[in-house]
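Same chain, two partners: chain A is paired with chain B first, then with chain C.
Presenting the complex of A and B:
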């Protein structure tokens, strides 16, 4: 039991929170009555966590603790092996505080829990789940929006968690709220001004997926999306190219597409993470999809993902 | 210990040429025009994402600005163990933050400041950004101009406050604690090898004459332009109305600006032009008839 006022489920965890977190799915009463897996509490975050093993401008990590600070918004502490997040607002609105809670902070929670976190999104299909990873700007969210528009239930956005179940790797169900740039919102036929902005003043919006899967789904394919600047002559649009990566490249790609891998290093979990990466690379096809920019390729990319998935399902 | 060298310039002033020279020097005369960022590290959104440890698309413009000095210091720390300097391409002015720090602060690197006379910059930015020459001259005088303003889609680049052309020069050359070496585009044209070798020395690299020669040959303007025509150049933005490597000369303002336009440029930037040794151009414009 927890006396926190708000209960949710995300990535298979029962989240008990001092804050309302409308991005998440509410926990059914039977789950809310159990001990939480993750507590989000209002409290005081210390100025330092001691000698960090890894550090970036807004965070510091050592085994067992991760501290994040966005000046003028909030401070966050993730500790207790990813079982508690302490949040101390320092001037941000609730929406601001949540914007960073569901960013790197959630990533630190998942890493401390030793889950495998890909920087990317996932949908469930009749052939199983596909995870779409890639660097910022590769087109992950736009692809996700298009796959969702085609009727595939969303599993996760931005952070996709894969674990090994009895039948092999599976993608956990995250939460149904996507973060979409204005252009992707418009492409979906929605009016941006009807949606809540991620933060006041940014043209990036919170969008509730039309269909969301609340159970894990077997992972059949990982797509690494890569945008390259097309230098073809005008009117000569090159095709979206797909290449299945060999063992070595697949491991490298998964390491690169790990959500903020420096948090893994700072948490002292590099060896475990590497072993995990190699296991995943040996379990499902890892396909690199190159899409030319600035050409309009969202439909072609979604077609390619569906085609690769069907091929993977046939084995 | 290796330092960060900010390869700083106002747009269309020779930054890419300098990067091609550096990439050619490192690569013994060979470089991939479409991967200049690999030989010569660039500072972009993904690099900032890693340095900040947070997705910059969650941040507001003033928050990004406030965090950038710390990001620059962290970059300096990250690369200190390398053998060679790390070059960071920067178009931003080295502006002050609200608490008096600099975006590229003291103790976090030095600046190779590439500059071109503002008459030619006006002639070159106009077709590049799709502006009239009058608009280009206006922008060159605008202290509030920001390149790559945040918009409703992923841009891959960061907002870069440019200041005016003169403000840009002052922000870099007068930044306390940031050693700066001026590379004039006109000097690079007149004596590429000598000017480039001096720049290398400032970066702590003892220039090897054979490598300098091969690098200068590989980065000759005609070659860069021929390669852009043959291979394309991915750094040319979609909006550009002209080839990236357009004329590669000094003095094209003489047939692209009217006397009245040239006088406006000089009126806006006289002191800074004289400071950078462009006094002859100031005198020439002052004596223009019409």
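Presenting the complex of A and C:
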């Protein structure tokens, strides 16, 4: 039994939190009564975690500890093998504190727990789950919105966790709140002004998925979305191209699409992560989808994802 | 290209920092220290397989014509170039 006032489930974890985290699914009473897998506590974050193995402007990592500081918002410490997050607000609103909690901080939690985390989203379909990865600006959010609009339940957004079960890789259910850019919100038939911005004054919004799957789903396909500039004459829009990647390129793509791979390196998990990457590349097709931009291709991208998924399901 | 520092009869072995995995029959490799990723082609995968235990450049070069359509001289040159590359990157070392 935990004394924390709030209990949730995300990525198969029972999260006990000192804060209300409305982005997450509330834990059923039977889960809330158990010992938590992850504690989110209010506390004091040390100025340093000692000698970091990797660091960036706002964070530092070493095996067993990750420290993040957003000036004027909060400081975060992830430690105890991803079993505890200490949050020390330093002036941010609750929404701002949560925005960074659900970004890299949650990523560090998942990495420390030795889970395989792709930077991308996932939906469940009749053919199994598909993960859509890609760099910022590749169109993941818009693609997710379109796949959700077509009725595919959402599994995760931004951070997609793959676990290797006895029956093969599966995608864990994350949480139902998506971070969508304005165009994706409009695509889902919503008015951005009715939604909460991710952070004060940003054009990225929190949106509750119309359908969400709370159980894991077998992973059948990873799509790597790649936007390329095209200059086309009127009415001559280049097609969306799909290419199944060979072993080398598949592993390389998965390494590049890993969520904040530097956190993996800093956590001393490079070898484990490489083994999972190779295992995933050997288990499901890794397909690169090239979409021309600025052409409107979201429908064609979603069509291609569904087609590739059907093909993967047939083996 | 001439690799004077690669004696044909000096055994070589895989370095500890060279992590490798098999993906559907193709070897992929990661330098766990530097984080650099390498993919190996079919011949490279075969040679990496031979380095499962210490092997000399001469032994490896002699093995290739049995598995690939190459002349012995061509096999020797390709082997030396590949091994010199792996050695320079720290993926193999003198045994």
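What we mean here is this: the second predicted complex is superposed on the first by the 311 of 315 C-alpha atoms of A that agree within 3 Å, B and C clash if a C-alpha of one lies under 4 Å from a C-alpha of the other, contacts with A are read in each partner's own complex, and residues count from 1 in each chain.
Everything that follows uses one rule, which is that contacts are C-beta pairs under 8 Å (C-beta built on N, C-alpha and C of every residue); 3 or more make two chains touch, one makes a residue touch a chain.
Given the structure is predicted, the values throughout are model-derived calculations rather than measurements.
Once the complexes are laid over each other on chain A, chain B and chain C both fit without any clash. Of the two partner chains, chain B is the only one touched by A:72; chain C is not. Contact with neither chain B nor chain C is seen for A:287 once the two complexes are overlaid on the shared chain.
With both structures placed on the common chain, the touch criterion links A:15 to neither chain B nor chain C.
Taking chain A as the reference, the larger set of touched residues comes from B, when chain B and chain C are compared.
Across the overlaid complexes, the C-alpha centre of chain A sees chain B and chain C at an angle of 80°, to the nearest 10. Of the two partner chains, neither chain B nor chain C is touched by A:133. Of the two partner chains placed around the shared chain by superposition, chain C is the only one that A:246 touches, whereas chain B remains out of contact.
By the touch criterion stated above, A:301 is placed in contact with neither chain B nor chain C.
Superposition on the common chain places the nearest Cα atoms of chain B and chain C 13 Å from each other. Residues of chain A that lie in the contact sets of both chain B and chain C are absent, per the superposition on chain A.
Taken together, the chain B residues at the contact with chain A in this complex read 34, 45-46, 49-55, 57-60, 63, 66-67, 70-71, 74, 150-154, 156, 231-234, 238. Put simply, chain C touches chain A in their complex at residues 19, 21-26, 28, 30, 32, 35, 37, 39-40. Here chain A touches chain C in the complex through residues 246-252, 255, 265, 270-271, 274-275, 277-279, 281-282, going by the rule given at the top.
Contacts from chain A toward chain B in the complex involve residues 55-59, 68, 70-72, 99-100, 103-104, 135-137, 181-184, 192, 198-199, 201-204, 228-229, 231-232, 260, 262, 294.
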